[in-house]
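Scrolling down, you'll hit the structures one after another.
Look at the two complexes coming up: subunit A is in both, with subunit B in one and subunit C in the other.
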Partner chain A sequence: MRYLRLIGLSFKMSILNELQYRANFVVQIFQTALELLVALGGLSIVYSHTSDLNGWSASELVVVVGVYFLIGGVINMLIQPSMIRLMEDVHQGTLDFTLLKPVDAQFMVSVREVRLWKLVNMIVGCVLIGVGLARLNASVDAGQALVFLTVLALGLLIVYSFWMMLTTCAFWFTRIENILVIFESMYEAGRYPVRIYPGWLQFTLTFLVPIAFAVTVPAEALLGRLTAETLLGAAGLAALMLITARLFWQRGLRHYSGASA
Partner chain B sequence: MATVIRVRDLARTYQVTEREAGLAAALRSLVRRRTRQVKAVDRVSFEIDAGEIVGFLGANGAGKTTSLKMLSGLLYPTAGEASVLGFTPSNREAAFLSQITLVMGQRNQLVWDVPAVDSFELSRAVYRLPRDEYRQTLDELIDLLDLQPVLGVPVRNLSLGERMKCEIAGALLHRPKVLFLDEPTIGLDVTAQRRIRAFLKEYNTRHNAAILLTSHYMADVEALCKRVIVIHHGHLIYDGDLTHLRQQFTTYKTIVVKPGDAPLDPALLAAYGEIICEEVGQIQLRVHRLDAARTTARLLADFPITDVSIVEPPIEEVIERVFAMPDRENVEPEPVYEAV
Partner chain C sequence: MHLLPVYRIRLNLAVATLVQYRAALIIWIQGLVVEPIIYMAVWTQVAGDSGSVGGYAASDFAAYYLVWMVVRHFTVATNPNTIERRVRRGEFSPMLLLPVHPIHMDIADSIAYKIVALPALLVALVVLALVFPPEFALQSWSIPVFLLSLSLAFPIRFLFGWVLGLIAFWTTWARSFYGVFVVAEVFLTGRLAPLSLLPGWGLALASILPFRWMMSFPVEVLLGKLSLEQVVLGLGVQVIVLAVLLTLLLAIWPAAVERYTAAGA
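And then the complex of A and B:
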């Protein structure tokens, strides 16, 4: 309860902060439009040559792109901003103030920033999902919707843990902004279902940079392609990564308190 | 009185990487790093009681900030023990953190683009302060620091002094019993400095809080601290009254002589002590601490003088002398080569 309140207040602060710069909103709309154009343009080029990409139809891929936008929006709104802030704080030593508070530090650093305008991407994502499903004449019942939301949440936990581990590296290397670029370029690969990639890349995108669980698996849930094994796998991986991220963070923190000047 | 801070043989060693200037040296150091152990704090021991304000003095790099960080739980000591309010700081227990605060004059924790009062609201949730208790503390802080006009202004639009007042208020909302203040008045003008000083004194009296304060402004230290702890190259070299510090580290006093109607020939006075200042109507002589009384008596007997006074050297000068002392024990260790 107290932690919910802290999330609320923390987000409120961040939003208040962001509302001071309204130009960002316009920039965001422009940026989203551009991303959308690139994503759908890419699809239309691919499907002008074939009507079937390794078992996926054009409309199914529209759903995948929709999930890609939706999840990308959530990551860019909730996860990435706090992680970037954490990197800066470690670099500048301002993390000290967080460590002085009688609240779990990992929790605090994870909910500090929110980028409200990324809602635009989430809305676009939902529209794309709707359009894709309509073109497929697919109906999604309540059960399927629930499974979809579950794997969506699991995917987000996996991505969060992944980000958390990457960011924790800052305790040792101090400057790791380049890692960000790696994640973003990998995430772009998620515009297509990972099953269409060659084996080694599939493996990378599933287990090393777990984009598959964030985008492909939720899309599969909507399209009725999800197997029970994948669902369990996602749950298992989420739990494992959360725990690993936690232990790694605590190790990093010990190193920070041991090394910082 | 209750001891709230107990430090025994506290030590902290850093490993620093060294390289020569230039690109070639930078590339070399990517492969092979030369590191050196630096003792930032070396076997320091002291105790502080509730309600005490202690000045923590030392030159830049003497180990003050490192000590404060160890005491507030941000750094693990390399050796020795620290106990604050009965807790071991480095365990960072919530019960410990809710009773201390650390203010760093050179860093701010208030959110830049929103008014301070919004940041305070977040602190209220973080420290789980009941609304009426929070309101009461805030009112008190607003009153003492004169915050009312600045509370609703985004922090980035505040002057340095106003910002610092808000930072301090934000750091005290949970009414900590132990305050670690690292240069709380740095960069502020004299009025703002005085205001913060008066406030700290008042907070200390009202809440019987212990304050450990570092400052480069001796006025802060003189106004607030009866007791000072001096560290020099990581060693504790003095712990005691501020007034005794003068006696221990300076061997002279200044005699100010005001001549009568007839002007005095400074050349004659030179036999009594070193003339350090010569102005119309006033001559200053530096004499050994032990000779001060005798010389004064001789001056009065030998010359037509209207007034004479003995003055202690200003505290800045004392500190300067202390800081200029050579590092006695911390002999440079051999560099250690470490392949990475």
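And then the complex of A and C:
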């Protein structure tokens, strides 16, 4: 309960902070529109030369792009900002203030920042998913929706753990901002279902930089392509990565030397 | 000739700065590789179904993106966003006090990047060639003409970015406009797909705006997708575009500097 209240408070602070800069909302809409143009323009060029991409139709890929926007929005709104702040804190030694608080420090550093305007990307993602499903005449029943939300949540947990592990490396290497660039450029690959890539890249995108579980798998759930094994695999990987991230964090903290050291 | 020592010193400086961050090499490799792999994988799939798309078989796409990466590397230029940032933050002030045009620093910097990041490019090329085996159909004149068009493409891309960057001296909305520029680059430089796979008006647009001449054209030359007449015509257009951009820069720059002083006062 106490932790839920803390999340609420922390988000409220961030949102109040964001509301000061309302012009950013317009800028974000413009930026999202451009991203959308690239994603859909790319699809329309590809599908002007073929009617299916390794068994995926254009409308199905609209759903994939929808999930890509939705998850990308959540990552950019909730996960990435807190992680960037954590990197800066480790680098500058200001993590002291968080460590002194009488709550779990990993929890605290994970919920500190929210980029409200990334909501635009999440909304666009939902609209795209709706459009794609409508064009497929696919009906999603309650069970399927539940599976979708479950896989979505598992995917986010996996991405969160992945980010947490990357960020924790700052305890050893101090300056790792460049790692952000790696994740962002790899995330681009999520715009297409990972099965179209060569084997080693599929492996990389599934286990090393887990974009498959964040984007492709939830999209598969909506399109009725999900197998029970994948679902179990996602749950297993999420659990494994959460635990690993926790261990990483604890190890890393021992390396933290603080501001004055 | 007084520029020569300026270039030498600036180059040394830029190389030294870049070499400091050796770990960045890995990130450059990764950044170079990921995007072409995505597009190669997609187009290989598309070509796989019917054998070829618009005259490109899977191995042609592999060749296309390899050459495209080389062209991108050697045409890397100052981003209009960088110029906008300098205007917004007043970073132009110290640069304007120097007795040489600030564009020379930028030229030296982008040459330095090309030298330092060259190993990254080579590794990336080898990796990609192994994953997607390319096939080249070279003509006798392909390579020298390719080098010629590439050496025209770099100044075109560089000056285009710089001239667009000058807009920032007049409006604070320039940054949003550059977002449009980045999107146009994705479609019109042959990054997403070879220009001949775009709808007809896409190719026309890329040819009218200088996008085709700053990246796609050298690739088309080396892939042997053009006839000799088209190649000669293309080189002519490159020279004209370059002359127009140079004239624009020389005409706008003094006015831009005037605006800048006004803004600082």
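What we mean here is this: the second predicted complex is superposed on the first by the 257 of 261 C-alpha atoms of A that agree within 3 Å, B and C clash if a C-alpha of one lies under 4 Å from a C-alpha of the other, contacts with A are read in each partner's own complex, and residues count from 1 in each chain.
By definition in this document, a contact is a pair of C-beta atoms (placed from the backbone, for glycine too) under 8 Å apart; a residue touches a chain by one contact, two chains touch by 3 or more.
None of these values were measured; they are calculated from a predicted model.
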Fit or clash - subunit C, subunit B, common subunit A: fit
First, second, both or neither for A:S257, with subunit B first and subunit C second: first
First, second, both or neither for A:R2, with subunit B first and subunit C second: first
Touching partner for A:P198 - first (subunit B), second (subunit C), both, neither: second
First (subunit B), second (subunit C), both or neither touched by A:F97: first
Contacts of A:G42 with subunit B and subunit C, given as first, second, both or neither: second
Partner chain(s) touched by A:F248 [first = subunit B, second = subunit C, both, neither]: neither
Contacts of A:S10 with subunit B and subunit C, given as first, second, both or neither: first
Subunit B and subunit C, minimum CA distance [Å, superposed model]: 7
Residues on subunit A lying within both footprints (that of subunit B and that of subunit C): none
Interfacial residue positions of subunit A with respect to subunit B in the complex: 2, 5-6, 9-10, 12-13, 16-17, 20, 93-94, 96-97, 99-103, 254, 257-261
Subunit A partner contacts - residues on subunit B that touch it in the complex: 14, 65-66, 69, 72-76, 90, 92, 94-95, 97-98, 100-102, 104, 107, 109, 111-114, 118-119, 121-122, 125-128, 154
Complex contact set, residues of subunit C against subunit A: 23-24, 27, 30-31, 34-35, 37-38, 41-43, 45-46, 49-50, 53-54, 131, 176, 179-180, 182-183, 186-187, 192-193, 197-199
Touching residues on subunit A, where the partner in the complex is subunit C: 27, 30-31, 34, 37-38, 41-42, 45-46, 48-50, 52-54, 178, 181-182, 185-186, 188-189, 191-192, 196-198, 200-201
